[in-house]
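Shared between the two complexes below is chain A, which has chain B as its partner in the first and chain C in the second.
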Partner chain A sequence: MIKANHQLDAKGFACPMPIVKTKKAITELEEGEVLEVLATDKGSKADLAAWASSVGHQYLGTVEDGDILYHYIRKGSNEPEVEKNFEHTVSLEEIESCNGLILDVREAAEYAFGHIDGAKSIPMGELESRLEELDKEEEIYVICRTGKRSDLAAQLLANNGFTKVYNVLPGMNEWNGNITKEV
Partner chain B sequence: MTVNKWTAAKVARKVINKEELFILDVRNPDAFEDWKIEGHQFEYLNVPYFELLDGVEEILPKLPTDKDVLVVCAKEGSSVMVAEMLSEAGREVAYLEGGMKAWSSYLEPVKVADLENGGELYQFVRLGKGCLSYMVISEGEAAIIDAVRFTDVFTNFANEKGVKIKHVFDTHLHADHISGGRNIAASTGATYYLPPKDATDVVFDYTPLTDGLNVKIGSSQINVNALYSPGHTIGSTSFVVDHQFLLTGDILFIDSIGRPDLAGLAEDWVGDLRETLYSRYRELAEDLLVLPAHFMIIDELNGDGTVAKRLGDLFKENHGLNIEDEAEFRRTVTDNLPPQPNAYEQIRQVNMGKITPDNDEQTEMEIGPNRCAVR
Partner chain C sequence: MSEKVAIIAANGGMFDAYKVFNIATAAAASDKEVQIFFTFEGLNLIHKQGMHNLEMPAGKEHFAEGFEKANVPSIPELVKMAQDLGVEFIACQMTMDVMGLTKEDFIDGIEVGGAVTFLDFAKDAAPTLTF
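So, the complex of A and B:
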């Protein structure tokens, strides 16, 4: 199962109800959280993706299991782009030839719908409590979707004694290489 | 303001009568781009319903007040919601009952001609999908050619006419829509014919439709005469009905010709297609009225709603019949082909009897325009 913060059951509802209900449900989420929408209306897939992009949410993907569609949407941010502070950065091209660990700090659902092969997943919100899973001697390349969360994650790691940390810019939204899916 | 409900039949009359209509299509833009209700005098506005959840004020100035406005979506639900919102904003609008799903499945029977001794030839125009089916009626009997999957339309029509369906033909193994032929034959006891070269993989019994097969409808002279005409598929067969009508299946259309690639063998079949269009058909009488199994664009409809044209006129006007150079012809029908029809591989499997999807799954497979032609 893909991990989500909230779940909405829209099974048995025909268009337009899956979207109407999703629109309402997503107001309950914090920015960056993931909503899982269960639906049986086949048309909900294309419509949810189009709706999400039109209102600034991130449509992650859909898993079909029998007649049920599991849609994943991450709530978008209305905040203006913040400046990235962490000074050690590398480009996407550079990490292809790097030997360290790629640490993907996006939500579990984002990771599941496509990540760089071999990348380790620790969502930003869990990072502080899972530091012992990481090796301070290893080079760590932190990546997210746009470079914003990975900037914060890199700072957090540096503050905890990790010295070989790099923020990968821009992030998965511009990654054109191979991706691995776990759906 | 009241919200009106229009049937697909009502919209069909607007198309055929070339009336004006303003369509507010609330499906998402991809779906609209791919496929919409076509009319000679129709205007369109496409705004997805999910952009109207907070209100319709923004689109009010774009909707005319001097002509009918019809709200259309995939299955009806969203169009009802938007129509009600427009109604509350003071506009009188209608929505399409059953949405594009109903439009895709609607058949309009149009009489092509009266035949001798009270016989009749009907064309069933599936406006939403561009499919054309035929029924030849004579002296209490009927033959059906290229029936689509809404079998009760044909059986009910035959009942109304008081005729018994005796013969059911498919000109070829269809790839763009699911045939109703086998089911009609099963429910009426009629004989179901398929070209054997298209039927090598089918898993049911059929009667071979071979070149020269001649079937009489009723006891007198109305006959249906098979003419082997490969190219769209290797088995594609045409019919000459009553010495006056040439049913071309997916080989020759009014404004285009068949594509040879839907069974994956374009290179092999292009020569057959050339031979059929440039040799076999040339030997036929130019006064035959061509009745194809599809139309692609609304301009192919005649004023009475039929899709039909004299063979001699097509020899003059149809681009696909006027490519002198064989190499150029080959390029035209094998390069730069339009996208293949939705789910065409699966549809072929259904028509071979290999898979039996339920009704909803069949509807999904047939979504979108037919794309059997190359212009």
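So, the complex of A and C:
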């Protein structure tokens, strides 16, 4: 299954309980973490998507397995505009013709619901401990949803001796090309 | 976008109760400020005894089984949840006077007010709903 930070079991509950329980459960999460909500209420799919967008979380998607719906929500996606510090950047158009590695630093669940074909997934929080998976000789194009996490990831790579690193701007939220799903 | 939802509960049956409290809890869970004005038969929904014995519409009693099967929370549970989520309950003073009821006849945590109390809250609420 898709990796999440926390799980909420709302199976067997009717509307509005899945929403009420999700609201309570999400307070336990840190910003940027992913909550998996199990539900059997068929209306919960549309409800959770609408709820997330109205309160400022990011609805990632739903996987159906028999009667059970697995919903994925990332907490607090309305990230404030912050200054991006990493000076080497490329646009989404440019990476379509680039050779090299596209490194997707979003959470595993975000990646699962749609990523650029061939992109490698290492969530930002795991990057520092997984540097050996990357090749210092290869060009690395770091991407996330809005360019904020990838900015930090690019800095982290540069500080660890990677020289051919670029932050892809703005990010997957404006990507209109093909996407691959793992669900 | 308005951050307030104003609800008028003017009917006292079981179906009315679900319409009122489902919308109210869903709105509160979506970070809205919610106020419900209970008037006329609607007072039944927060009456200490009345809320435990809400009637199904005549001829619809067979839906009781459906409620159980769908695992729908009971009205007292929904009321408690609504209050935990910060939904404010206003009982209509005028109706209480007409029906000879006092604040003690109702569940804890309610306010008693007149039409203007509710209108003041509702003036910049969207949506305002009547059940």
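What we mean here is this: the second predicted complex is superposed on the first by the 180 of 183 C-alpha atoms of A that agree within 3 Å, B and C clash if a C-alpha of one lies under 4 Å from a C-alpha of the other, contacts with A are read in each partner's own complex, and residues count from 1 in each chain.
The working rule: a residue touches a chain if its C-beta (ideal position, glycine included) is under 8 Å from a C-beta of that chain, and two chains touch if they have at least 3 such contacts.
Remember, predicted model here, so these are calculated numbers, not experimental data.
*Asks:* Consider chain A as the common anchor and indicate whether chain B and chain C clash or fit when overlaid.
*Replies:* Here chain B and chain C cannot both sit on chain A without a clash.
*Asks:* Once the structures are superposed on A, label A:125 by its partner contacts, choosing first (chain B), second (chain C), both or neither.
*Replies:* Touch status of A:125: no partner.
*Asks:* Should A:17 be classified as contacting the first partner (chain B), the second (chain C), both, or neither?
*Replies:* Touch status of A:17: both partners.
*Asks:* Just checking: does A:51 make contact with chain B only, chain C only, both, or neither of them? Give me first, second, both or neither.
*Replies:* both
*Asks:* Using the touch definition from the top, say if A:100 reaches chain B (first), chain C (second), both or neither.
*Replies:* neither
*Asks:* With both complexes superposed on chain A, which partner does A:76 reach: first (chain B), second (chain C), both or neither?
*Replies:* After superposition on chain A, A:76 lies in contact with neither partner.
*Asks:* If you lay the two complexes on top of each other, which residues of chain A touch chain B in one and chain C in the other?
*Replies:* Touching chain B in the first complex and chain C in the second, residues 14-17, 19-20, 23, 47, 51, 54 of chain A appear in both lists.
*Asks:* Where on chain A does chain C make contact in their complex?
*Replies:* 12-17, 19-20, 22-23, 47, 51, 54-55
*Asks:* Please name which positions on chain A make contact with chain B in the complex.
*Replies:* It comes out as residues 14-17, 19-20, 23, 42-43, 46-47, 50-51, 54.
*Asks:* In their complex, what parts of chain B are in touch with chain A?
*Replies:* For chain B paired with chain A, touching residues are 28-31, 48-51, 53, 73-75, 77-78, 81, 364.
*Asks:* Flag every residue of chain C that touches chain A in the complex, lowest number first.
*Replies:* Touch residues, chain C against chain A: 22, 25-26, 29-31, 70-73, 81, 85.
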